[in-house]
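Presented sequentially are two complexes of chain A, the first with chain B as partner and the second with chain C.
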Partner chain A sequence: MKSLAFIATIITGALLIFATVDFPDWGDPNSPASLHVSPRYIEKTVKETGVPNMVTSVLADYRGYDTLFETTVIFTAGITAVMLIRRPRK
Partner chain B sequence: MGTIEFIIGKYNYWVYIILMMVGFYAMIAKHNLVKKLIGMNIFQWAIILYYVSIGSKKGGATIPIIQNGHGEVTHAIEAAQYLNPLPHVLMLTAIVVGVSTTGVALALIIMIYRRFHTLEEDEIIDILRAPNK
Partner chain C sequence: MITPLENIIIKTLCRLLIPFIQLFGLYVIVHGHGSPGGGFQGGCILAASFVLVVVAFDLPEAKRRFSEKLNNIFCSLGVFIYAWTGWMCLLLGANFLDYGILNKILPVNPVMARYYGMFSIEVGVGITVMAIMVSLFLDLVTGGKHEEALDE
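And then the complex of A and B:
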């Protein structure tokens, strides 16, 4: 079984490495991730939100609801862990 | 494009793929449940590192905090001056989800240990298949 798992791992890794040939180079300023969507946030974040830290402005302002309901995720996980670990009273 | 430039341009992706495959192998080949969980965490972190590396820009770009950005900002802000902030933000969300799944999985592992008194997967299967229990 272990050799089968090893072969599956090697095949998956080889396919992923084969896919990186089409990727843009690391740190390329002209890669699609740097040219689309993100310049709009970088250029307008101070004008629209007044926060110099772009990560904060996107996390707490543009994606405020996402961050709000992230707390729901943590709350649900915590409640689940407590319900699982707690021993019921006899 | 020469071979050296090709390797320099792509080697960071290869590092993350190797890390991801270490986690993948641990997930599917190990029999201990805690080792499987650690493999899943390595897998998650490989993906997070990969996404953060997408945000990098060579050529003088700095961290995504606007310089002299307090008060009235009158100077021009160019996108090439700052790193891409969006992968950082999205991976913050992914870290939160990863912590939640790890916590719930550890709680489940504690419950499994309480019932079977072992964490080895094959021993648990033997106990479940035993005829008189």
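And then the complex of A and C:
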């Protein structure tokens, strides 16, 4: 069973390494990631949001839902730690 | 359990340093949308200043400055501010978290309303991250017994 898992790992790893050959070059301006939404953020961030920091405009405005639930995840983690660890006052 | 540390050098140095750390944390939160930084980073810096209070002084002193009850309120206040900024947009007739519509209640144009909407959610994130970090630190460092430590 162990050798079977080992062979499966080798095959999956080889496939993943084989897939990296198709990656666009590092920093390629014509790669799909740089052509889809990035130019829009770069061109319109200041005009649409008035914020000079592009990272914040994506984080807080264009992807506001994501950040809301990131904050909720932190809140939930803290509450869980309180529930698991904290001993209430007697 | 944290025992009180009687070292005048550490205490004086921390008393001098803590206001500047907190000021820097507030700066990182407030300038989060204009420069690198934001609620997560600034909240962590604010929490670090509180950790320094606990390490340099002792637990009751730290609790006296920032009580458990206040910390528990702050934990949820940040998420509350964030969610209500989104709900305000919804109530004024736009999509959830579409801050442009906030210009109906703020005396600015829609673009600057987005600016201030982002500012308010960064403040919310900062408050929650700070309170949760402090709560995690106190729970982990005392094994969850820090409420009993106050009664002794």
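Convention: the second predicted complex is superposed on the first by the 74 of 90 C-alpha atoms of A that agree within 3 Å, B and C clash if a C-alpha of one lies under 4 Å from a C-alpha of the other, contacts with A are read in each partner's own complex, and residues count from 1 in each chain.
Just so it is clear, a residue touches a chain if its C-beta (ideal position, glycine included) is under 8 Å from a C-beta of that chain, and two chains touch if they have at least 3 such contacts.
The shown structure was predicted, so the numbers you read here are calculated from the model rather than taken from an experiment.
Per the definitions stated earlier, placing chain B and chain C onto a shared chain A by superposition produces no clash, and the two fit side by side. In the superposed model, A:G64 lies in contact with chain C only, and not with chain B. With both structures placed on the common chain, the touch criterion links A:N53 to chain B and to chain C. Contacts of A:T72 after superposition: chain C is touched, whereas chain B is not reached. More residues of chain A are touched by B (comparison of chain B with chain C). By the touch criterion stated above, A:R89 is placed in contact with chain C alone, chain B being left untouched.
When the two complexes are overlaid on their common chain A, residue A:T80 makes contact with chain B while staying clear of chain C.
Taking the two complexes aligned on chain A, the least Cα distance separating chain B from chain C is 8 Å. The residues of chain A shared by its contacts with chain B and with chain C are 47, 52-53, 55, 59, 67, 74, 77-78, 81, 85. Within the complex, the chain B residues that touch chain A are 8-14, 17-18, 20-21, 24-25, 28-29, 53-59, 61, 64-66, 69-70, 73, 77-80, 82, 84-89, 92-93, 96-97, 99-101, 103-104, 106-108, 110-111.
Those residues of chain A that touch chain C in the complex are listed here as 47-53, 55-57, 59-61, 64-65, 67-68, 71-72, 74-75, 77-79, 81-82, 85-90.
Taken together, the chain A residues at the contact with chain B in this complex read 1-2, 5-6, 8-10, 12-13, 16-17, 20-21, 23, 25-29, 31, 33-34, 37-39, 41-43, 45-47, 52-55, 58-59, 63, 66-67, 70, 73-74, 76-78, 80-81, 84-85.
If you check the complex, the residues on chain C that touch chain A are 32-36, 38-39, 75-76, 78-79, 82-83, 86, 96-97, 99, 111-112, 114-115, 117-118, 121-122, 124-125, 128-129, 131-132, 135-136, 139-140, 143-145, 147-148, 150-151.
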